[in-house]
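In structure tokens below, several structures.
Below, subunit A partners subunit B and then partners subunit C, in two separate complexes.
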Partner chain A sequence: MAALAAGSSPPLDVRQRGERARRILLWLYAGLFYCFLYLPILLLVVLSFNDSQTIGLPLQGATLRWYREVLGSPEMMWSIANSFMLGVVSAVIATLLALLMALGFRQEFPLKALLMKIILLPILIPGIVGGVIYLVFFGYGEMRFGVWSSALPVHITWVLPFAFLTLFPRIHGLDRSLEEAAADLGARPFTVFRRVVLPIIRPGVVATAMFAFTLSFDEFIRTLFVIGNERTAPVHLWTLLSDQMAPFLPAVGVLITVISMLVSFVGFAASARASRTG
Partner chain B sequence: MIVAATAKVAGRRDLRPLLVVPGALWLLVFGVAPLVLLFAMSFWTSSIFGTTTDFTLDNYRVIADDPVYVQVLLQTLRIAATVTALSLLAGYPMAYFLASLGGGRRNFFLVLLFLPFWSSYVVRTFVWLPMLGRNGLVNTVLMEMGLISQPLDWLLYNEGATHIGLVYVYTLFMTLPIYLSLDRIDRKLIEAAADLGAGPFRTFARVTFPLSMPGVLSGCVMVFLLACGAYVTPQLLGGTSGMMFGNVIAPQYTVTNNWALGAALSVILVLVVFLCLVVFGRRVRLNDIFIGG
Partner chain C sequence: MSSFDPDGRGSLDRRHFLGGTLAGAAALSGFGLAGPAAAQGAEVTALMVNAMLSPSLKPIAEAEAKVTIKEGAFLSGTDTVSRLTAPGGARYDLMNSSYAFSHPVVMGPKAGAERVQPIDVSLIPNMRFINEPSKEGIGQRDGKVYMVPHSWGFDSILYNRDVVPDDDPYTQSWSLLFEDKYAGRIGWWDVAHQMLMAAGLYLGHAEPEKMDRNQLNEVSKFLISKKKNVRTFYTTFAQGSNLLASGEIAVGYGIAPMRNELKKRGFNITGSWPKEGVLSLISASYIPKDSRNVAGAHALINAMLGERYAKELSNGSGYLSASTFAQENLTPEFRKEFGYGIFDGSVKHYQLKFPTNMNMWIETWSKVKSA
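The block that comes next holds the complex of A and B.
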């Protein structure tokens, strides 16, 4: 297209050559950028198999003992289980609340703009403040700190804005004529929702729940201050990091990463399907 | 309550706005109330016996009197600004690259970009320890190449390492909104500029870049916000010289148990961040930041 449109001003081949040079530069840059992204992670994977008492190079032969050690540690397994359950429960509740809000947001109502700002609040509060704020809140209310008593509400609150922001554009863009047709044919509002709206938005809802799960699974700073003596996977990794540089730490990192990447990938696929079909 | 009242006025037909009530109530209790409590507590009194509701301005006085707090706050803002600039420099060409790709390739490289961010923040920070440490990859490679004979000690535990860590952790939040706004540019505008005789650089400077400004602003606000609240990265990589405001707040709760002072410090950080949002946020609609300008 560019060649056709070039017209008379600059000679054709010069322009094409410039275009190609820019393209090569862009690809080179992208290559460097991906190296920056992946080199540290690949190094972590390699080190998780490295048979050495210290974390670092040189490589001293491959071993699976760090993985055996990690998978054999009850604290580690408990922390992963906690993170997993916490992720599932907070994803379900937050997605449900977000779905209701997104459906309500299709109508106009007073204080809508203010509510939008309140929804964004948990994201806008700086991370560290988002941590201590709940320590103060639950501590002052003399609640017990733990996975289900304090970490769960914190996770739901943290995940809710993201769930809302991913769901809202999808629900806002729905064609209303289908619902109106169903209503005209005598379907009650809940039936319209269940039989018309839900089937259309279901893939989007599933993708949102997956996204919410990984946000909760990976959450650290807000959890750290309210988890008490219990552990989620990132908090457990943090306590290990603060304690000592144990040689099995890369294996812990790789395990946590693999779990959240798997779920995210499924969620991404679901979301890609959702945007294709709806 | 107001929502309920108007729905009633509107007649029995439209109760649908009521659907926002559960979520709104949740956010009032767990989003707004803790913030209000934090603000109140910043005027309370903490002692070794705990925190009491006696009103005082002492917490703010302590902060104003001790130059360390101001110094760390300024350092935090400076680091956050530099990290934002570095992320923009690194992220913009990347976003441009993604926007220039065709369908299948583009999805592949997008997933490739997302993948590392689907991992815990702690892991993504931790990976830099074996990269930059004494027996880390960078030192090993430099020694193998014969460029240095002793491992470098200054790669880790300073401001530089904090910068690298933060850019690494937050670069997606810069690249993504820029990519989205580049993707939204009508190709015809770029072709028109070329037809009118503008060279590639002029087209970029006069057409593409200005049109991508919403994404640039969104990305900058987002990265700046995130970097201001950083705690993990400076704690793990920054040592004492790369400390940020988060590392001053946390010990008030984990070490000295001075909740009131910690609350006052938190209030200051929140105010500074919100001030920045008001200054820059006027140009960006807040929701665009997250949905991606």
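The block that comes next holds the complex of A and C.
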């Protein structure tokens, strides 16, 4: 039996070779995966410095002119500022609403399942259909089109289901005995939330806000229908694409990526600091 | 329990952060709402092709009309007329789109059904300088004017002269865009209306906009048979221009502003004058009923037909001005290059009219694309 077992298992060097091949394949797979993920971004950065009238290779020298063009355009800067402010405010409001809803959905109440589906509905509606619906809705409501009057509610509606989906599992999985213990010790409900629940879910709340910001910052098609004469960065980029060669587009892409990354870093740094002090 | 935060620093930070963000956003929104153009006085909100208010043209229009222009994001002629008919009104003081395409919607089926307000021509003295061919773009009913022509655009085939010689007979017709000679180096504009009109003209249809289902089927069969020659489809100015400029395609469907910008940027790319006719359109201005600055809208229409704007329009955007001022001081060479031959008959053109059944056209184009 022992001889049979010894005969069926491969010799040690064969197993080592197999293990090495597996690790090489894994490294290769991971390397290709990260290349696929990050090389386009790296290429965007490289192209943003390319001294060429067309977007693409070959490289024809290094220049900062595309950044100068973008930073020197008041329209572009205003559109980025509008997107940034809209993103921040939408993220804050949507995260707050999602938090309240997620807390509420821990309780049992009639039509809970139906209400959950209604909350998630905006995800299922195609962007262009959503845009038309908002156009008609705000039209009948005779509401003024603009960043704060119409685009903000649209962005909140758009990012809210995502914020809810991100936060709900975190809150649903929270050990309620901690809250009960705090209540037993005399803490009032708001104190329980502020001193027990919030510190635990804070990383999730920050991550949700960052995610909501990114979704809002990038939103194009719904915004286009309700933004009126104002511009967000994606809407402004669209107008440029429709009437210019726009060789500065990679520079715009880099700037927008940097803004998104900075906001994420600030969020995660704030979260980490809060966790440390907590 | 360490989660109890006696001095509340964690939540204080968060409150400050959120509060600061909201306060900052609210403070900045005061500026953000207005944007850079808010510094001047009377504002006219306008929706028109963005190139018509390019950096060299907008200051002229603003100075001549003595208004500040705040332009919306132009998507397409279809989008423009859709906004005109949207519930709650157009929400623009002035709109501008293709006359032939927009006329049925703007004017409505009968008197009294117009979706725009009459234009007071006494406030537009520059109307007397509208050239003869452009008068076709005046939308009027019962003695009232509702649409005023402002400029012309035209679409043709753009080609790279390093690859396609000017004396190649293919440049003399729309064949350049379809036939096998430049297979693999051709780009098609991904728009049903324009592409089916061009193919219809090339296949000999006298009024392609009236093609019935059988005729559209023939056109689609032809296009499907030629699809093998196509390197790529493109949807935006930037995409098409970059494909041509980078040499990825040598031949492509192109609008006048693309031709203008590629030339200005020094690329050896030009447009052909196909014998079947370039596809032309007259852009006309109209004032929606809910316009809040009717006087400003009139002033802007007048300014855009004025001498300074008309003389800069072709250079600034590639479009042809409907004003007689435009060709003053232009050399015959530039007149030809910009396409002013459309007005004297030396360049054949065919107007991009609205198809009798647009749904059928979209269906046909989808068939071509998915084949």
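Definition applied: the second predicted complex is superposed on the first by the 213 of 278 C-alpha atoms of A that agree within 3 Å, B and C clash if a C-alpha of one lies under 4 Å from a C-alpha of the other, contacts with A are read in each partner's own complex, and residues count from 1 in each chain.
Rule of thumb we're sticking to: a residue touches a chain if its C-beta (ideal position, glycine included) is under 8 Å from a C-beta of that chain, and two chains touch if they have at least 3 such contacts.
These figures come from a predicted structure and were not determined experimentally.
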item	value
Partner chain(s) touched by A:Leu241 [first = subunit B, second = subunit C, both, neither]	both
First, second, both or neither for A:Pro250, with subunit B first and subunit C second	first
Contacts of A:Asn229 with subunit B and subunit C, given as first, second, both or neither	second
Which of subunit B and subunit C A:Val147 touches, first, second, both or neither	second
Partner chain(s) touched by A:Tyr34 [first = subunit B, second = subunit C, both, neither]	first
Contacts of A:Glu75 with subunit B and subunit C, given as first, second, both or neither	second
Residue contacts on subunit A - larger count, subunit B or subunit C	B
First, second, both or neither for A:Ser264, with subunit B first and subunit C second	first
First (subunit B), second (subunit C), both or neither touched by A:Val196	second
Contact residues common to both interfaces of subunit A (with subunit B and with subunit C)	54-56, 135-136, 139-140, 238, 241, 245, 249
Residues on subunit B engaged by subunit A in the complex (per definition of touch)	2-3, 6-7, 14, 16-24, 26-28, 30-35, 37-38, 41, 51, 90, 93-94, 96-97, 100, 107, 109, 111-116, 118-123, 126-131, 133-137, 140, 168, 171, 191, 194-195, 197, 199-200, 225-226, 228-232, 236, 245-246, 249-250, 252-253, 259, 262-263, 266, 269-270, 273-274, 277, 286-287, 290-291
Subunit A-facing residues of subunit C, complex	1-5, 8-11, 13-14, 17-18, 21-22, 24-25, 28-29, 32-33, 35-36, 45, 49-51, 54, 70-75, 83, 86-89, 91-92, 236-239, 241-242, 245-246, 257, 261-262, 265-267
Residues of subunit A touching subunit B in the complex	1-2, 5-7, 9-10, 18-19, 22-23, 26-27, 29-30, 33-34, 36-41, 43-44, 47, 54-58, 97-98, 100-101, 103-111, 115-137, 139-140, 153-154, 156-157, 160-162, 164-165, 169, 189, 214, 217-218, 220-221, 225, 233-234, 237-238, 241, 245, 249-250, 253, 256-257, 260-261, 264-265, 268, 272
Subunit C contact footprint on subunit A (complex, rising order)	53-56, 74-75, 78, 81-82, 85, 88-89, 92, 135-136, 138-143, 145-148, 182, 194-196, 198-200, 202, 224, 227-231, 235-236, 238-246, 249, 270, 273-274, 277-278
